[in-house]
Amino acid sequence: MPNTLSRRDFLKVGGAALGALTVSRFVPPRVVAAARTAGLLDQNGDGYIPTMCEMCVWRCGVLAKVEEGRVVKLEGNPDHPNSKGKLCARGQSGLMNTYDPDRVLTPLIRVGQRGEGKFRKASWDEALDVVAANMLKIKEQYGAQAMIFSSTHNLSQVQFENLLYAFGSPNYGTQRSLCFNAMVTAFSLTYGIEEPSRDYTSVKYILLTGRNLLEAISTSETSDLMDAVARGAKLVVLDPRFTKTASKATEWLPIRPGTDLAFILAMINVIVTEKLGDCEFTARYAVGCDKLPAHIAFYTPEWAAKKTGIEADTIRRIAREFAAAMPDALAHPGWRTSNFINSFQTERAIATLNAIVGNVLTPGGCLNAENPEASGITLGKPSQPPYPRLSSLRLDGVPWKYPLVPLKLGVFQELRDAVLTGQPYQAHGWFIARQNPVLSLPDRQKTLEAFGKMDFIVTVDIIMNDSAWFSDVVLPEASYLERYDPLLPVSGKVFIRQPVIEPQGEAQSALWIYKQLGERLGLGDFFQYQDEEDYIRQQLAPLGNYSLEELRLHGYVEPPAKEKSQEITFNTPSGKVEVYSETLANAGYPALPTWEEPPSPNADQFYLLTGKVGQHTQMGTQNNQLLHKYEDYPRLWMNPEAADKLGLKDWELVEVTSEVGSVKVPVQVTPAIRADCVYLTPGYGHLSKGLRTAYGDGVSDSVLHVTYVDPVSGGQALSQTFVTVKKA
Amino acid sequence: MADKKRYGFVIDISRCIDCRACQVACSLENSVPLNHTRIWIHDQGVQGTFPKLSRTFVPYNCMHCEHPPCIEVCVSGATYKDPNNGLVLVDQEACIGCGFCVEACPYDARYLDEKLGVVDKCNGCIQRVEIGQKPACVATCLGGSRLFGDLNDPASDVSIALKNAKSLFRLDIEGKDIDTDPNIYFINAPQSLTSLVTSDAFKQQGQAVPREPKYTISEEGWKKVLVPAIAAGIGASFLVQATYFTKQLIEGEKEFDE
Amino acid sequence: MSKPRMGSYKNISIVERRRLREKKYKKHNLANILTHWFNVGMWALLLPTGIAIISSPRLGLSPVWMQELFRNMFGGAANLIKFHYTIGFLWIFVLLFNVLLGFRKYFVPFAISRMLLDKDDIQWLKTKPLQMLGLMKDKTLPPQDAYNAGQKLYMYVVILGTLGIMVSGPVMALKTLFPPIVKQIAQPLHWVSVFAIVAGVIIHVYMGAIFPEEKEAFFSMFGGKVSAWYARAHHEKWYWEKVQEEMDWEEEVAREIESAAGADPQPAPAKSGD
């Protein structure tokens, strides 16, 4: 596909002389020249350039169709295992992020009050000098730890971490505690792997809990699931909402929020007591299964029925069907699973359920205890001196308050209390890169108050997101179609994100920004690369004799596969699947999956559920005009029974109030939700007037969310907020 | 003409997940203006009572009918059915943007591009198909719901899917002077498709598909009154002249033959 | 010079008739002639292409073979319609240019002197159609101006029709400027205007080019002149106007000579042939 020329292209080649003129006018030479050298573009600057998507964190391979220096279409790269030639709505619309009329194209320095949105344009030199001077001032006055650094999962994050560790601050906020901390911590402790990959090739029975795969889309996995369902695989969905995933399910069980754990425990109970599990597998690869029967005996389907609201017979039947499909049965680990403070235990139970049906790592097994991103490939990196020793406590309480939370995950939402109380010490500066904590953290008011305590805030982003709106300096990053990022190994291949067009305005790549800033902070030794291409060449070096041009032409290189050891080992202390975890026992937590009662709302309250829609990624894409075009207006879902009680009609404006805030939003009366729940699509309600498409669209659930932290995994319990609803 | 192509879509209702990747892909591939779309996903919403619920998505676009009402009304010949592949296409250079076809299409599959002043619609991504690619919507369909190909070719994706289909529906309109004979085949729908797309709620919102094709009163009027009137006028003037001429011939041209 | 009874040309002597035949009156100026033939040429191009464009089977305004023929000839509907646009705009531009350029000098006087209907015209209109049908043969037609009442009436049709075409055509061609409803209304306006003109043009062409009695009218569209006999026979009022003009002129010349003879006798200037 990339090498096929359209008829029009042929015509253009014919008029090459004229074309050359056009190109020289429209396209600055750097990107086009490089792409031509790599054989990707014809004389006229037209062609397909392989790169990688950044509309969510799934990272599909993309073929960007370029015409005269503009991206005109994005296609899924058939060579990439995450896209397999397809892209979701967000991936398709990616170029509208790049061509967003609200792009920040020059560095901006605030001139008005914070939040007024008054900025002046500045040169990179001036802006970087201002940022460096402020950061150094804070370092001198209060120590490096007074600077908070936060960034959301992205390919340049390695250099972001480099910057913060070189600067010497332990305070690192990621989105992970708002997302998959529960899954990652639980599976790390059970399988020794953060996120096991799923294999749908032979699956016959799929149990989805907390995974709305057809709306929270992961391109290849969503496709695989639909193929499996079309093939006749059974799909059971546990969800208080009748999602689009539920609409395709064989069976939808509207479970009471927070009680998935009880359902899974009861399934384990049935499988273990009726001896339906894979004894051979558990005996060989797992520890603690012998302790299960006694531990699990209490969790009968009858017990679970009271908790979950699902009949005992149904639970029993599903457990038996699940075991009968063994080992082609899959209980999905979920993704953004931090719903209740018991989510960690839920994840542990899911891990255990998979283990006892022996679907892990076996041929045709559905769970691969393999990180899809690691693939055993070690990339090179520029040499650098050792980081300064960190002597101060982390403000987010890891590990002194949350001993089991991995350092690189952190507990982001805890930071603000430390900022507001000044305990254990006062933070004074905040460096935000490609993240929007104002909307992503629960309890927006608290985040804004924390912003108010800051002497200096700097944000790196491509548009004026809400956090940038409240910042002192905004640094314009090149969009993912305009820049290089560090390489990413996927399934034995090493993929590149490369610029397909010249950056617009004065936007620059994160690699460039961090290096420039590092040099101004006197940390030049930590950024030993000339430019982005040099960085990637250094990454490529240990893989063999690959040239950057070769990598650019194909979008990936495939180093010879390392021999996989026949022996299956797990990266846990015992080397086996730890159904019984010594680590947990030592830390004072239950060593086996154990029921924890989640809080429940009062009679006049509703569970406030959060979720995903297939057209948006968190709070980052609402300003994309094409996604805005095809989105549904975000309303508050409410069951007709509950709406009747409150006397509410469809589209009527209601006031939703939690203990931290309240919003006014039209109601959507739908039977697709339990009567004790309401649901609000997240990511809306932007504060920044610099987002002309998104501003004024919908309301933010972060206004309502109360901060609850799972003590084991540090995950934010996003569905544990209870709200009252009344006519506005 | 056995080797003539008949391009059409097969849409597997059971596999559409309403992700709208097709709509976005189409918008970009064909530079569809932000206030228009060429693909729709008909969604009746959640049906049934809690917890026995169902929801079905019916994606559609131009049906590339065998007998398209839009062509019937096009005055400039801009809309035509490609004789080689059966796609209903719009030649925008010939289109004057009067919108008669927009009103006539029972599937509301056409829109008027205000900026260009012309009508636009799904063209089966012919620009891609010609060079061996799939249409943008089909290429990126996550659920594998959309298929496109030559319905006359028994080995094509669409023919194979049709052969294996559990159920088959078309949104055909048959009336006294209309039979659209659409080329979108909906397969594996859980129930009658008509009930999914022409519910009372949709009718109230004017969103039921298909609807009765609209032919503007004026247009009907031309056909019934004005055209015969003009024909009669011209005919009469001929008749008068003929009489006059004959009369002259008989009487001779005295004045000029001196 | 006493005027004979209007309309009674049949008793004029053969000698007088010959004299009248020799004598020429200028009926059309060069601008008129050129504009007329330009108009003819444009219509010859616009009418068939226009008919061939109207493709709607539901309207059935034009035969399919014609549509196919023209589309093949021009290489597709787009080229056909573009050709029609181009010629159409050229036609509008030149015609408007001519009319506006000569608006005060030619058009307004023309309209006043030759287009207004008088009592005779009304009478003519009452009689002529019946005569054409073979009735009231004994009744003589009232004398006519340079253009007879039928022609005058048709002039209004042509002017209104032309305006209709000139307005509705660009509305459809400049497709971005108007909302669809305007373009929908423009279509029938365009067709009706064309049909109205065409219905008359058929008579006009027949009378002008084929009908033997009107041969002179046809050739006058090249030379601009008609014989006095023709004028006397068909446009009697105009003929007498011309005669009156001549007489007035002769009188004036005579007066001039008289007054000049008093002071500075000079030979009389040769009589201009107009």
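Per-chain numbering from 1; labels A, B and C assigned in written order.
Note that in this section a residue touches a chain if its C-beta (ideal position, glycine included) is under 8 Å from a C-beta of that chain, and two chains touch if they have at least 3 such contacts.
The model shown is predicted, which means the values in this text are computed figures rather than measured ones.
K.L.:
Computing the C-alpha centre of each chain, which chain sits at the greatest distance from subunit B?
P.N.:
Ranked by distance of C-alpha centres from subunit B, the top chain is C.
K.L.:
Find me the chain with the mean Cα position closest to the mean of all the protein Cα atoms on display.
P.N.:
B
K.L.:
Between subunit A and subunit B, tell me the centre distance in angstrom, where each centre is the average of that chain's C-alpha atoms.
P.N.:
One centre to the other, that is 42 Å.
K.L.:
For subunit A and subunit C, let me know how many angstrom lie between their CA-based centres, rounded off.
P.N.:
Computed from C-alpha means, the inter-chain centre distance equals 80 Å.
K.L.:
What whole-number Å value describes the gap between the mean CA coordinates of subunit B and subunit C?
P.N.:
Roughly 46 Å, centre to centre.
K.L.:
Looking at the complex, which residues from subunit A come into contact with subunit B?
P.N.:
Those residues of subunit A that touch subunit B are 1, 4-7, 72-76, 85-89, 91-93, 95, 214-215, 217, 219, 222-223, 226-227, 229-230, 242, 244-248, 252, 254, 614-615, 625-627, 629-630, 639, 641, 670-672, 674-675.
K.L.:
Which residues of subunit B touch subunit C in their complex?
P.N.:
71-78, 80, 91, 93-100, 102, 112, 114-118, 215-216, 218-219, 222-223, 226-227, 230, 233-234, 237-238, 240-241, 243-245, 247-248, 253, 255-256, 258
K.L.:
Where on subunit B does subunit A make contact in their complex?
P.N.:
Subunit B residues touching subunit A: 12, 14-15, 17-21, 23-25, 27-29, 34-35, 37, 45-46, 48-51, 53-56, 127, 130-133, 136, 139-144.
K.L.:
Can you list the residues on subunit C that touch subunit B in the complex?
P.N.:
Listed in rising order, the residues are 14, 17, 53-61, 67, 71, 76-78, 80-82, 129, 132-134, 172-178, 180-181, 183-188, 191-192, 195, 198-200, 202-203, 206, 211-213, 215, 233.
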